[in-house]
Amino acid sequence: MVEAPETAEGWYALHDFRTIDWDAWRDAPERERERALEEAAAFLEHREALARSDEGDSATFSVLGHEADLLFVHFRPTLDELNRIERSFEGTAFAEYTERSYSYVSVTEVSGYVSDDYFEDPESVDDGLRRYIEGKLTPEIPEDTYVSFYPMSKRRRPEQNWYDLSFEERADLMAGHGDLGREYAGKISQVIASSVGLDDWEWGVTLFGDDPTDIKDIVYEMRFDEASSKYGEFGSFYVGRRFPPADLPAFMAG
Amino acid sequence: MVEAPETAEGWYALHDFRTIDWDAWRDAPERERERALEEAAAFLEHREALARSDEGDSATFSVLGHEADLLFVHFRPTLDELNRIERSFEGTAFAEYTERSYSYVSVTEVSGYVSDDYFEDPESVDDGLRRYIEGKLTPEIPEDTYVSFYPMSKRRRPEQNWYDLSFEERADLMAGHGDLGREYAGKISQVIASSVGLDDWEWGVTLFGDDPTDIKDIVYEMRFDEASSKYGEFGSFYVGRRFPPADLPAFMAG
Amino acid sequence: MVEAPETAEGWYALHDFRTIDWDAWRDAPERERERALEEAAAFLEHREALARSDEGDSATFSVLGHEADLLFVHFRPTLDELNRIERSFEGTAFAEYTERSYSYVSVTEVSGYVSDDYFEDPESVDDGLRRYIEGKLTPEIPEDTYVSFYPMSKRRRPEQNWYDLSFEERADLMAGHGDLGREYAGKISQVIASSVGLDDWEWGVTLFGDDPTDIKDIVYEMRFDEASSKYGEFGSFYVGRRFPPADLPAFMAG
Amino acid sequence: MVEAPETAEGWYALHDFRTIDWDAWRDAPERERERALEEAAAFLEHREALARSDEGDSATFSVLGHEADLLFVHFRPTLDELNRIERSFEGTAFAEYTERSYSYVSVTEVSGYVSDDYFEDPESVDDGLRRYIEGKLTPEIPEDTYVSFYPMSKRRRPEQNWYDLSFEERADLMAGHGDLGREYAGKISQVIASSVGLDDWEWGVTLFGDDPTDIKDIVYEMRFDEASSKYGEFGSFYVGRRFPPADLPAFMAG
Amino acid sequence: MVEAPETAEGWYALHDFRTIDWDAWRDAPERERERALEEAAAFLEHREALARSDEGDSATFSVLGHEADLLFVHFRPTLDELNRIERSFEGTAFAEYTERSYSYVSVTEVSGYVSDDYFEDPESVDDGLRRYIEGKLTPEIPEDTYVSFYPMSKRRRPEQNWYDLSFEERADLMAGHGDLGREYAGKISQVIASSVGLDDWEWGVTLFGDDPTDIKDIVYEMRFDEASSKYGEFGSFYVGRRFPPADLPAFMAG
């Protein structure tokens, strides 16, 4: 058996995708709508306020296409907090106008491919690397940004079996992948979270960027990289744009 | 790692497929119907009027089969405009009689396989090529036309891995593909838009033509071309015919 | 690139599968039911009457199993006529008691594998062959018959790539397939219609026969033929029996 | 082309899976429920009574899991009878509390792998074999029994292509399979029915036994047999237990 | 044909996944809610009380993500008891606020890979091993714990065919797998139950642990083990946390 990488885990992540029940919304009396919008905005603002207290982060996105209208992203130190958030949202009047169309449960992860030394002794690595790794484990969501989310796994086919490669081969491939990612530094930031044992694919990838063509470009370029071209298997892709909870009324007004 | 092609992007595209809720429509009072039709026709005409001002294009199609009754195609300079269009349509009374059955988000793309020179210096290529490329990035939708839409990806299997071919091999295959397409010049026009990072497949292909058998013929002939026969993976196909928004009442009357 | 076959196209085909909403039907007042049955029978009879005027053919089938209760098959010279038929059916009172569960859009096709000569000069082939080909393009639906419908494609896998075979290899395989089909002459008639660019598979196959075991036998025997065993990929199969529109009340009565 | 086996067909089979609409049932007035139960019990008893007259057999099963609550199995000499049964069930008041979640249409089949001689001349084989074959074609459903139903096909992959094996190879593999089955004689009885051309897989397999672990054991053991391990492709599995129609009220009471 | 392992079976298992109908819950009058909660808590407590009497075990979990809100796990000596539990739950007022989204039917299993001797003569093995095996067949669910459930099968592909390996090869691979599992002793306990012939995959795996990252770690590490990397095929993963039935009101309050 080949060697599995060591891993460090940070915040748990919930990606909560919802469609709007526009028929119900259109038919709702004005007063009901106002109350629903107030409750939802308060709920979302309260969640996002956490970002300032280092206990996680939350954000709301407007999603394109028929699979979802809204995406709520929540990062929290425990799975239990995520569980409470999804249930308490259902207690708001606004929830009546939404239906869950997809979700993803994962935990931010940094693995030994990035730095063997860090896993032997976190104090042995320089501050920059340590801050980099810790930033990956407790990510902040940029203010005005586009998001792309997709789940992925590594293949286990006869000639394309990631889990059959030696640690060194995998580390080399991940290093090449990382170099490519760094070319997009300043344009794209990404959150990698493992969902092994937690959800249907092995990882959830969340990309943030100011220009959606940068999102397209990085994913396209990486697809030519062996780590993806031979070993990557991808699920559905969702694209959206962040908006502040206070803009929910404008969002619902079309 | 093999070389990824350079790409240029133009308008973003939203393909918005909807089924009609015929039961609700049959039961709606005549006055409700009339109001719904007026609102929808006004909404669609307003969107299509843009075509005259170079800020995008929009069109409405009657789709065959159970997967959709209507297709709205929108091309716009930003993703945000597409997002607003899909939400503002939900504000019309007509939206109550429709349900979204599918959608596709992409961005028109020309890649380095077409012309290396253009990507080095757009001024270095002749006017004809430049206009060709720019026409691909800001496409116009023909007036009276059939449409065929399908999403597709390139394969990454052991013996059929597009992303493992050298740039030259890919450029050769794409050139052959392009030659075949040119044999249908005047009969079929196509819009290629990348959805890498944006939607579930890598590209969305939209074909326009006056005769649906030309659509069948070009797709069939191309399937024998190596770029498709070895490397193409195709999603669902949708076929429809454009009609002017003013004909929506006739469309709904059966 | 290997050579694509020439093709001739005839009538467009719509296979329209519907489930009955038995709960709504059970609850409907007797008068509503009667009106619905009358409207539907008139609608269907009108469509079938066309068969006598060489402008197409239509038939109604009772389908077994949960995926559909009814199948309407329509052959027409244009896609627009099929589009109108599906929408005008929605205008009948009976449509309220049905839901579309599946459909298939295609166009009858004869290809160069059958006869190279016909495609060079239709006049050069003998009357029998010409009538055979024309019968394939403008098919009549037998009166009292079972139907089996299924969509199919040809494989494009590394060792089973139909689109990578030479024209001669494909023509040989199709000839063997045709010989097998002829052994069922008088028992089974079939309509082959291309859906390349029009629907999700490459062809729709409709078999008609007086005995459902003949349907099973021909499909089973053909599965051992290389054209199917190596290169065929099949979708869902639907089986039903034709009944005259006038028998719709009996059909609905159980 | 390799040789297809000869086949003999017997009764047609309909496996009709239904979920209970428990919300509607809970809300129904006592009198409605009683009437529904009486109608359904009478309907089912009438169908099962046929078993005594050699015109088929019918049975009702309580199914585990979310995919179905009830399974009705019907064997009949013609497809038309099955068609009538499924429609006439919809006429009962009880049908309102059920929804069809799955179904399977097939015809009992014995093939030339079992006995070449029988197909040349049924009189040439001994009485035991002839009775065995006829029992397979007109099966009886045991009284108090567990059932497992699953659809299956034979693979047509490059290195695992059943339809590319010689008749002798297939006959050998089927003989080994049959030997294994005979080890469970007295514990498990099975009905094999072809659905080629009739439904989505090639066969429907129905196993009956007094102990569900025998069902698990035979399917597990057979999976190691080459006929399954290399060539078998399996659909969903459903497990349930037979109960007499008179126990329907107890079944619905929980 | 290679040798199938001997197996011993214990309790049958039902994993019953349900989503909450939050809209109906929000709209229900306070008195209805209270009654529903009382009935459900009593129902669940009654089921869990069995654990103390060695006749099975039951537990309730709060599940993350859109695919389910609640998971009820039931282990019982017979399939009939599981069948009664699922139907009698439908008789509670609380069931009206839930919908079944998934389920899994299986039977706990220990196979000859673990100990040949035990299957020859259970008395011949030492008490520790016997208790270990019996604990696997009649599992207890830990009190305060996270759960991960997923179904899986072994592959039967040309180069990755588990069912084509010799018994010794399979036993070696399973031994390596077991060693890995033992490294998580005290942190993760697992229940393996066969669903061959009973449900859609070959086994259901249920992991229990106090820390969800241990769940991720064991599944991830095992994926590098040949038994998984080459031969494992996995379905959907569900993660949740146990709570006592008395906490159902708190759970529903968000």
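All chains are identified by letter, namely A, B, C, D and E, in their written order; residue positions are counted from 1 within each chain.
Simple rule for what comes next: a residue touches a chain if its C-beta (ideal position, glycine included) is under 8 Å from a C-beta of that chain, and two chains touch if they have at least 3 such contacts.
Note that the structure is a prediction, hence the values are computed from the model and not measured.
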So which chains are sitting against chain C and chain E at once?
-> D
Interface sides of chain C and chain D: same vs different residues, half threshold = different
State, to the nearest whole Å, the distance from the C-alpha centre of chain B to the C-alpha centre of chain C.
-> 28
Whole-Å gap separating chain A and chain D, where each centre is the average of the chain's CA atoms = 46
Give the residues of chain B that touch two or more other chains, as numbers and ranges in rising order.
-> 158
What kind of graph do the touching chains make: line, ring, star, complete, other?
-> ring
What sequence of chains forms the ring when you start at chain A and head for chain B?
-> A, B, C, D, E
Touching chain E in the complex, chain D uses residues 20, 22-23, 25-26, 62, 64-67, 69, 146, 148, 150, 157-160, 176, 207, 212-213, 215-221, 223-226, 228-230, 232, 236-237, 239, 241, 251, 253-254
Interface residues, chain B side, partner chain A - complex | 1-4, 7, 9, 12, 14, 16-17, 79-80, 82-84, 86-91, 93, 95-96, 100-105, 107, 156, 158, 161, 163-164, 194-200, 202
